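Pasting the structures here.
What follows is subunit A paired twice: with subunit B in the first complex and subunit C in the second.
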Partner chain A sequence: MATKGSRIDRSAKWVLAAPLIAFTALFVVWPVAQGVQTGLYYFTLQNPEITFNGLENFRKVFSLPGFWDAVRFTALFAVVVTAVEAVLGFGLALLMNRTFPGKKLFFTALLLPIMIAPSLLGIMFRLLLNGDIGLAPAVLSGFGLDISLFAPGTVVPLLIVLDVLQWTPFIFLIVYSGLQSFPTDVLEAAQVDGAGKLRTLKSLVIPMMKPVIAAAVFLRMIDAIRTFDVIYVLTAGGPGRMTTTISIYIYKTAFESGDFGLAAAISTVVLLALLPLVPLVVKHIAQPEGSRS
Partner chain B sequence: MKQSGLWVSALVVGAVVLAGCSPSVGEGQGGEGDGSGIVKVVLWPGPEGDAMADVVDEYNAGLGKDADITVQMTLLSRQDTFSKEATLMAAKSSDQDIYFVASYNVGQFSSSLDPLTGVDTANYFPVAVDGLSQDGELYALPVDVSNHFLLYRQDLIEGLLNDPAQVETYRSVAEQAIGEARDPKPADQWDWDDFKAMSAYFSESANPASPTQYGTILPARNLLYNTMIWNDVLWGSGGSWTNDAGEANLNTPEAVAAVNVYADIYTNGWTSPDSSQAEFPETQAALKSGNVAFALQWSAGFAELNDPERSPDVAGKIAIATVPGGKTHVHALAVAMNKYSKNKAATRSFLDYLATTDAMSIYAQSGGIPAMPAVLAANEDLNPAFGQIGESIDKYGYSVPVFPKTFEAYAKLAEDLSGAWIGEVPAEDALATANADLAKLLQP
Partner chain C sequence: MWLTTGVVAVITFAVNIPWLNALMVSFKSEADIAHSPVGAFKPTLGNYANALWAAGYDFPKFFQNSAMIALGAVAAVLLLAVPSAYAAVRLGLGGRLIINGASSLRLLPAIFFAVPYFLLMSNLGIIDTVPGLIIANTFLNLPLGIILISAGLQDIPIEIEEAAAIDGANSYRTLYSVVLPVLAPTLVAVAVLVFIFSWNDYLFALILSSSNATPVTLGAANFVTSTGIRWGDISAASILSTLPPVLFALFAQRYLVSGLSAGAVKG
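Let's turn to the complex of A and B:
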């Protein structure tokens, strides 16, 4: 028989979770549902009559010119930047996980890039990297390096470097926070047992930090897939479609082609493609307490 | 009932509800109103927004006050004004009474606009009016007009023309560049071969004694506004988007030649490799820095380049010439009545005022470039380019056909051709794709 205490516990759970549920419903579930709904309609700027056309928009998505180019570039970009940022962020977190003079100042400086709005960063870099008036080409030229940073052969590596510069601190911050609650007694025990730093890192730190690293990598990967601002400001997806991400592709479908129904359908397809990642990540992040070694 | 069954039922119900509802939009009806009250106008910031602010202030203090009409202007971001307006239009919003539009998107927006009637278009450049008309109806009132010029370093070009030694060098460079040892010409006489030859002559890679690093900068970024500039090369080479029957016409030798003007300059290093990402600001920077000798540029760029404070290195040295080939894109920036406005009578009153030379004189005096030739002529002392803008538009202006997908066509051509402009894709292949895309977009 349920006791009064357990009934109160169950009610308390719902009451305490109510604000989050309401927020999620209003700002996540409802807009996503609206988006899916819009994808079911023929809804363009040129035609004021909105008509239901079922799955026609969704069927069209897979044969749209440029769609697969955008998917390929987005996948390549997201994987490369996430991998580089994960390695650099983790390395930085390990380096910063000690006391040294000027640590607070250095820590603050490290976080500055993620505090700048991506579109503003795009504008800043557009000026900084300009071949005629930009500081970066002038400095490079001083070292005898006459590299054109926006040329077709260098523009993709440039975008990757800029993303790494901006978002490595994000992974660093999450991993560093995780390291602060790392049990020191485990490290001391390893030291007593004669384990070297590399062995400790490989056999203790990385396995025990797996949930934190997984969370950081997942969040960063999703963000990288959604990249829009910096690339749009710097290259508008060009030359041709060379640097068109899926977000830029969706934006252009909506606001250049004026086809909101099709843009919504593409967004829904992307959402569905990414959903299978969630249980994979949850498995690594949300492990029950007793199951961690 | 098992939990999984509950979830499936919830999903099915949700799907049925979704399918039964259409995307939520506004009421979808406008209204005349009582001829007074607030009229809301959207504009973008920059010279046009600043100039219009003065016109609005004048109206509110005078005619508007008498008629009990107050105009409120909202400035959105320059980058995203049209996207935000598109969202409002898609939602059939009545929030704004007047939208800011342009020749290149009025076709896309026309289903959300009311055609304007009773406008005396005699005061405007005919090409500006044509560019805002669709199926014989005027959808927006021209406010500002944009065209292109060849902006060039007068000191360098005249130095070349007056120095026999330089002329000899030029002939030799021209022979390498275009296969013909031709003499240099004054800028207003160039054709596209002269443009290429001059690009080579003023590039260190072809002429180590060149006073500039590169001859020119090419606006080759994947951007619909760059299609407008490249259109000058296309039209000036004898090509166009459509033939007389209104069919897509990009698969022509003229179009190939037009693409290859850009591609030859880029691949031969007569322009910075950064041209692949260049548009208006980069062109300004290149001219300002003195790194290039000339460039195709929007008319709005000249004032800054001629200003000693903003361009100390080149002010007074930059001159204006007609675009080689004698064709310049012209588009009008304009204001249009929202079909779903609830205050159309008052809106019409303000638009009637905007159509007067008085309003446009204030606009010119406040830094705008009005689409009225008489106003430009009367205000030449304010901006030396005004006289040439008027002449250029009258003699050399063309406007691209207006159809519902004109805006998308500009963007599509930039996407299809920007790779070819920098030699990454063969011109014929890129134009075949562009022609096919244009043909689809021309379909009703």
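Let's turn to the complex of A and C:
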């Protein structure tokens, strides 16, 4: 690293970083501290008095059935969609990793779902699935399947399908990019040695792609856990609490029940639960210094 | 080879069904929509006219809000992230603190900041304002910006900067005239991604705006009148709302791909 001796340069790093430091102090550190602290107070919108509550809110969190339902649903949802998308995305990346007519066009078209705002996509889904005017029920009933898509039995699989439709391209994109830097000479050597396609896949491609797939899965899982927009627009967490993710649950506690203190406590609990993942993030996602020349 | 084309075509079609359907419906008159979802119809631009000009909808304002918020966030993220990433990566400020901090923040659900931001914005008097939402979206996208720009900086050979130092340039000069031009592709990638994510934000728009600073992600839901949901109008509005991020992405596709996969794919 170039060391510079002049006084301008010694202070430069502070001057350059000053805007970020100021922004972080006001809009990151302060809200985080506020967020944790609010959990310690009885703070609801109905009651003008804000009284210190200690750990009462936190105790309450663990006894709320709604909380555990939300945790269960969020975990189920995140794991299932990530798994399905990982398999489909990986397969799609392998498929796309050849030359064939129209490849460029399809590649562009595959990027589109992830560009659309999830809330807008939610509205488009509602249109598609609407009982009266939707295309999907009409087509399905043509096949003899007269199902109401928002019924308790079908709504969860439905949301899973919708998430897969939107986010498979995300995993595809990351894995595909990884495949581009795959050393072709290794593949050629395997072919020379007489290895078949499937064998090459199993023993060469998959092991070497593991870090990339792992990173893609990790990124997707983090986002899946945080799902709010599309589900909120489609079902508002219902029927009942059936499709309430943890984000929706916190939102409703704060802005529909008006209990800021409790919402903050739940948020803090979730934060603490995710904390063990931080070292993993740092190790796999942030670029380690010196890994590139 | 054609089999591959076939399979990929089916998958590509499947994932795009929702917006393709919305596109189709956006050209249908309300009567045609109510009549049947399948079958031929006579395309009409009436829904688009309604979305843009009908009284009481306010769509142009939502669109304008979205544009100002997204562009504002892009500018803010670049202005904040570039100097500090340079300070951290090249000038050794804080070691890995900035980068690790950014990575950790990326992990947290945005909802965690919902209540604090609501309170903070209310106290600062900027609730339901465009600047307020710019700040919120800057906050949301800053970690990504820092991570990508740091990675981009580490890719630049140090020799370029050392040559500039020998020529007598100080840190500011080096950053401005030597590093920035080389960093341009990364900056474009960050700009594209921050624009798209800010445009598409819903949660913070929901919490921090009510009538004045509403962006399109929220405004599309406004097409519910006393006579029920006007699906034709909503579809048209949704398609229009989706255009800017999509167009951005299409024109900057190369940068988009490198940006989205950076941090996951090394070298």
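The rule is short, and it goes like this: the second predicted complex is superposed on the first by the 237 of 293 C-alpha atoms of A that agree within 3 Å, B and C clash if a C-alpha of one lies under 4 Å from a C-alpha of the other, contacts with A are read in each partner's own complex, and residues count from 1 in each chain.
Quick note on the criterion: a contact is a pair of C-beta atoms (placed from the backbone, for glycine too) under 8 Å apart; a residue touches a chain by one contact, two chains touch by 3 or more.
These numbers were taken from a predicted model, which means no experiment stands behind them.
Trainee: Let me test your reading of the model: by the given contact rule, A:150 touches which partner, first (subunit B), second (subunit C), both or neither?
Mentor: In the superposition, A:150 touches subunit B alone.
Trainee: Is A:133 in contact with subunit B, with subunit C, with both, or with neither (first, second, both, neither)?
Mentor: In the superposition, A:133 contacts both subunit B and subunit C.
Trainee: Answer with first, second, both or neither: which of subunit B and subunit C does A:52 touch in the superposed model?
Mentor: A:52 sits against subunit B, while subunit C stays out of touch.
Trainee: Quick check on the superposed pair: does A:186 touch subunit B, subunit C, both, or neither? Answer first, second, both or neither.
Mentor: It touches nothing on subunit B or subunit C.
Trainee: Answer with first, second, both or neither: which of subunit B and subunit C does A:38 touch in the superposed model?
Mentor: both
Trainee: According to the stated criteria, A:25 is in contact with first (subunit B), second (subunit C), both, or neither; which is it?
Mentor: neither
Trainee: With both complexes overlaid on chain A, does A:278 touch subunit B (first), subunit C (second), both or neither?
Mentor: Second partner only.
Trainee: Of the two partner chains, subunit B (first) and subunit C (second), which one does A:226 touch, if any: first, second, both, or neither?
Mentor: In the superposed model, A:226 contacts subunit C only, not subunit B.
Trainee: On the A-aligned overlay, A:241 touches which partner chain: subunit B = first, subunit C = second, or both, or neither?
Mentor: first
Trainee: In the overlay, work out which of subunit B or subunit C sits against more residues of subunit A.
Mentor: Comparing touch counts on subunit A for subunit B and subunit C gives C.
Trainee: Can you list the residues of subunit A that touch subunit B in one structure and subunit C in the other?
Mentor: Overlap of subunit B and subunit C footprints on subunit A: residues 34, 38, 130, 132-133, 251, 254-255, 260.
Trainee: Name, in rising order, each residue of subunit A that touches subunit B in their complex.
Mentor: 33-34, 36-38, 40-41, 43, 45-48, 50, 52, 65-66, 126, 130-133, 148-152, 155, 234-242, 251-252, 254-258, 260
Trainee: Under the definition above, what is the set of subunit A residues touching subunit C in their complex?
Mentor: Listed in rising order, the residues of subunit A that touch subunit C are 1-2, 4, 6, 8-9, 12-17, 19-21, 23, 27-28, 30-32, 34-35, 38, 92, 95-96, 98-103, 106, 108-113, 115-121, 123-125, 127-128, 130, 132-135, 137-139, 162, 165-166, 168-170, 173-174, 177-178, 181, 211-212, 215-216, 219, 222, 225-226, 228-229, 232-233, 246-247, 250-251, 254-255, 260, 263-264, 267-268, 270-271, 274, 277-278, 281-282, 285-287, 289, 291-293.
Trainee: Once bound in the complex, which stretches of subunit C touch subunit A?
Mentor: For this pair, the touching residues of subunit C are 1-2, 4-5, 7-9, 11-12, 14-19, 21-22, 25, 33-34, 36-38, 79-81, 83-84, 86-94, 96, 98-100, 102-120, 135, 138-139, 142, 147, 150-151, 154-155, 157-158, 161-162, 165, 170-172, 175, 196, 199-203, 206-207, 216-218, 220-221, 231, 234-235, 238, 241-242, 245-246, 249-250, 253, 256-258, 260-261, 263-267.
Trainee: Going by the contact rule at the top, pick out the subunit B residues touching subunit A in the complex.
Mentor: Answer in residue numbers: 14, 18-19, 21-25, 28, 82-83, 86, 89-90, 92, 108-112, 220-224, 272-274, 276-277, 281-282, 285-286, 288-289, 291, 404-405, 407-408, 411-412, 414-416, 418-419, 421-422, 424-425, 437.
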